[in-house]
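What follows is subunit A paired twice: with subunit B in the first complex and subunit C in the second.
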Partner chain A sequence: MYFVGIDVGSLSTETVILDHAGAVVSYHISSTGANSRTAGEKSFAAALASGGIAQSEVNFTVATGYGRVSIPFADKTVTEITCHARGAVHLFPATQTIIDVGGQDSKVISVSQDGKVADFSMNDKCAAGTGRFLEVMARALEIGLDRMGPLSMRSTRDISISSMCTVFAESEVISLVARATPKEDILNAIHQSICNRLAPLMDAVGIRMEVTMTGGVAKNTGIVEKIREKVGGRINVPEEPQIVGALGAALIARDMSAHAQ
Partner chain B sequence: MSVADPWKPFREVMQAPWDHVAAWKKKSGRKVMGHLLPDVPEEILHGAGLFPVAIEGGGVQASHAQALIPSYTCSHALGAMEMRLRGDLNVLDGMVIPYVCDTTRNLFHIWNLQFPNMANELLRMPKRLDYPGVRTYLAAEFSRLFESMAKLSGKSANTQDLGESIRLYNRSRARLREAYDLHRTNPSVWTAAKAQLLIGSSLRAPREDHLKWMDALPWDEKGAAASVDRIPVYVRGKVWDPPQILDLFDQLGFVIVRDETVTGWRSIAQDAPANGDPIAALVERHMAAIPYTGYHESPDRMVAGFVLRVRSSGAGGVVFLNPKFCEAAAFDTPDFQKGLEQAQIPSLILETSTRGVSMGQVRVRLEAFREMIGNDLP
Partner chain C sequence: MEKTGKSRKRLRAAKELNRVVTEYYVECGRAKAEGKPVGWMPPMNGAIEIFYAMDIQPVFPENWSPICAAFGLAERNFEVAEGMGYSRDLCGYMRNIIGYVHGLMKEEGTPLGGLPEPDILLSPGGGCVPVIKIFQALERRFPNAKVYPADLPQVPTEEIRQHHVDYAIAEIHRLIDFLSQATGRKLDQDRLKEVVKLSDRSCELWDEIMTYRRRIPTPFSAAEIGIMFVMVTRQGTQTAVDFLTTVRDEVKEKSAQGLGVLEQEKIRLFWDNIPLWYNMGLFNHFEGMGGVVVAETYSSAWSLRLDVNRPIEALALKSLKSYPMVSCVSVDKRVEMVIKACKEYSIDGAILHRNKSCLPITLGQMDIKRALEAELGIPSIVIDADHMDSRNFSVEQFRTRVDAFMEMLLARKS
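Moving on to the complex of A and B:
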């Protein structure tokens, strides 16, 4: 029997399939697009195919993410806050704080000794400081998302992007480009701006070590480094940070199935 | 209004309050006095021969008002101004604005300049409730308002009429408390939204009519099954803004066992003594009410009182429904939250507003809070 977690986010959809022992058998990441239900169904089908698993072998499915309610075959929906906490603690059991920067929102989550959510804080004003913000900036700079982190590490001069609004920040970046400011320095400023945006969330919840970072933005080494400087300690980054929410959902699915029996 | 559906009159009032107010004004011949929430004694307006109607700016999308009031003003004040500017409140003959915070004080002065043909009153509420002279001061202020309102209506300020109004409003509040308690015990039928519908409409309709409508409600109606898995929560806030948040509480399986909003439990919790000097009775009611967020007394006593109220409500957690740009709420919340932490009561702060709030994000926060304090997940 297998247990499935599907995380339908604003930008991407992830599916993780676990076996009865909790080992990851298969996972799949794809763009969400305009229809979250279709995205969930396609991601689920792709993960099944990748693991060579028939749908009838799935015992329990938990959906999470902003599109969680649009997955008709889910047995249960759980918020991404709970799922990211569950997934992060599973991967790094000493985790006490989780920083999740996703496509359209950022969260800082504090977990108690037993690994359950004790407190959390979310951004609430706009998409500044999220994955969508990075996408817009990458487009303005005409570079790939995967190159942003390494390039920013080569910055030699601190500049600042004052705006916290994605649209205004993009204007600032365009102005900097027009003034022939090196991309490395602009990227460094962008990453600092994201870190500044996360700071009040961290302060609201309180940072307790160990810290684990989840969500697609954790793939950006430049941002991870900025956050490491801010918290003053090591940051755990999973091998595939983008699937932690779906992993947490799959773990909850396994627990709920066991609980039901 | 039809009574075939006993909830219909309440819904109709909330859906088109100003049409109904205009109709009642024409029918009764009474002048209509708006009063900005909180703490303007409706009994004084009613006893003076006026028709009191509560003005709640929450839930109103502001456009014109931003030309007069900065956009970083709470939606309660901004929304009230917006409604007046777009003509919703043309039916009003006057307006009482209580000075409960800097925003309401400044709103009054802007309002008075903009609408000089209305009978506008600034009711100066005492901010310190622990000063020895507070009762004397408040009695004088209430008396001043009563005389001013009687002058507006063209009748003499009669304490006997005021006593009658107090007894009417006490009866109304008793009925509303009954409905609130039914929400606590039978939330699947008496939802938070329904309980709030009754309270909200009572603030906008003639109380005499409202009491009659409430008599026709199905008070004995039972739910299909008791909702044992509902999570009891306590809500501290100003108004239900955005209004849809009440539906969220219902949908996510919470039961609001008590709240401190000025359009919720706080507005119906206390009666004024039915006998004796009516002005003194209204002062006593004010002093016994849950302190509004802009009022001050000893911080330790405020926190201790709050934690005690939460404990005695049986709530498993507290939701702070703080209006965006409300400095008074933002000022008080850290102390209250610290008190809850020491008492090991979990809490969630939601900073909400009709303007610029994503209901999807509010839902995620509330749902995660439910997962945090509930026992649904293994």
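Moving on to the complex of A and C:
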């Protein structure tokens, strides 16, 4: 008996499969591409294959993320806020605040003692301060996403990127490159600007320890460090921060299946 | 869910409303054809009663904008206005009406016959900056119209003093003189009293209808808020009173039978700021999860009674109070009004529409959010949209936020 969570985000799609005891038996991460339904189906098939599981053995499936409504085989859809909270609290039970920076959304969620969502705040319609912003900047600087964090740690000079909008910020970065500003300093400034965009969300909800970061952007050590400075304490980062939403969805699938019986 | 769409209405009176709207616009066109003077004015002030009492046809550009949005004409109007150099960041009512008068208005075949050209423009000196600028732009577009430059002190309602009222009374007299000169028509005091009485009656009915919304389950949701059409365009007429009476009777009957919008009403919501006129169907979206939008900013917008025995003073007070009731109000007053509504309508959660097109009403929403949580323990969610321009609205973003909010509210209640 297996339980499945599928998180179809704007940039990436993740599937997590749990066994009856709630242990992760398999997971899969891929990019969403143009069609969220196909992305969900492929991701699901890949996770089944890597766990050696037949579809008939799946008991309950919960879909989450932007594309959640386009997954026809899901038994239930749940929003990513609820799923991220569930996943983060499962991994770090003392979590009271979750900072999730995903592809085109960033959010701060506060959870109550019993692990329920107490309040949350999300970015406005602009993509600045999200994974998409980081992708644009990586391209402008011609470096890989995974190198951004370590490289930014070598920065020696504080500069700032003040533009509110992704397109403006990109041209600001390009002109910094043209002036031969060291890449590590530019990266440091980019990370700071993402942290600045998150600050009002943190203020709106209020930060209570412990803080857990989820979403692909949590892989960027430079940003995690900036947020650590801002909140003034330790930040939990899961080993695979990208799958926390899908994990939460799978955990909810397991609860719902138990409930239904 | 679609980006644009009409709401699913449940009141029988909704059909009646379509007739009332059509009739009004037909009347506007006929007035022009018959040589009756036509005056364009901003909404929510005491001039409408004077116009009706003097048999001058009032036309409201701000009401025409939601109609354009509902008929899908707004984008064309925006293109014209933006082509003229008006920025996309300006109020959507402003861009829509300016685009309309310079574009579609010159063509045949507009729904409801379009708007008749103004003989008179009541150009406001207050309200909000965009509404002042709309009329200044109209003055240039219609150089032959006679312009009444209106003036009103911009004071928060709680700070209105006798000298403000005296000044507003003087302004009403000045308006009457202006209209007499411009049209050759005289104001009959008995007729004015009659009109003010009808206007007061419509406010009374409005409040009564709103009172029934307090019932659990509520018989009336924001999906039906289009009834405010008569408060904007028909105040002071028998049409408004008759229509609101029909609505009141239906809502009263539903209440008596314990019939709600939803059989299983789980979550009661408040909507802050103007609805998305191009997508009133959003109000039905919550219903799938057991949520119903019970009250909104406009619920209290016409909670103003008029003293029939002192009609001029009543209209002066109405002018001072009613537009500011929704837009140019002090932040304290806004917070107070939302808190009051949330208590009266037993609200579980508030949706704060951060409206790119209307900064005056958007101002103060963070204070509202904090006050709701601190004083009533009511959570709220901010959503980004625009009451006129669908290009500033993403269905997916909306759904992610409100669905998560509904999940949170349902979990809190369980």
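Points to keep in mind about this one:
Simple rule for what comes next: the second predicted complex is superposed on the first by the 261 of 261 C-alpha atoms of A that agree within 3 Å, B and C clash if a C-alpha of one lies under 4 Å from a C-alpha of the other, contacts with A are read in each partner's own complex, and residues count from 1 in each chain.
Note that a contact is a pair of C-beta atoms (placed from the backbone, for glycine too) under 8 Å apart; a residue touches a chain by one contact, two chains touch by 3 or more.
From a predicted model like this one, the values you see are computed outputs, not experimental measurements.
Partners subunit B and subunit C, once the complexes are superposed on subunit A, run into each other and clash. Once chain A of one complex is fitted onto chain A of the other, the partner contacts of A:116 extend to both subunit B and subunit C. In the superposition on chain A, A:105 contacts both subunit B and subunit C. Once chain A of one complex is fitted onto chain A of the other, the partner contacts of A:165 are absent, as it touches neither subunit B nor subunit C.
In the overlay built on the shared chain, the residue A:66 is in contact with subunit B and with subunit C.
Of the two partner chains placed by the overlay, subunit B and subunit C both lie in contact with A:78.
Legend: residue contacts after superposition of the two complexes on their common chain; A:143 is shown touching neither subunit B nor subunit C.
Comparing the two complexes, residues 66, 78-82, 105, 116-118, 120, 122, 124-125 of subunit A contact subunit B in one case and subunit C in the other. Residues 66, 78-82, 105, 116-122, 124-125, 204 of subunit A are the ones that touch subunit C when the two sit in their complex.
Touching subunit A in their complex are the following residues of subunit C: 354, 366, 369, 373, 379, 382, 384, 392, 394, 396-397, 400-401, 403-404, 407-408, 411-412.
Contacts from subunit B toward subunit A in the complex involve residues 351, 356-358, 360-361, 364-365, 367-368, 371-372, 377-378.
Taken in their complex, subunit A has these residues touching subunit B: 66, 78-82, 105, 116-118, 120, 122, 124-125, 252, 255-256, 258-259.
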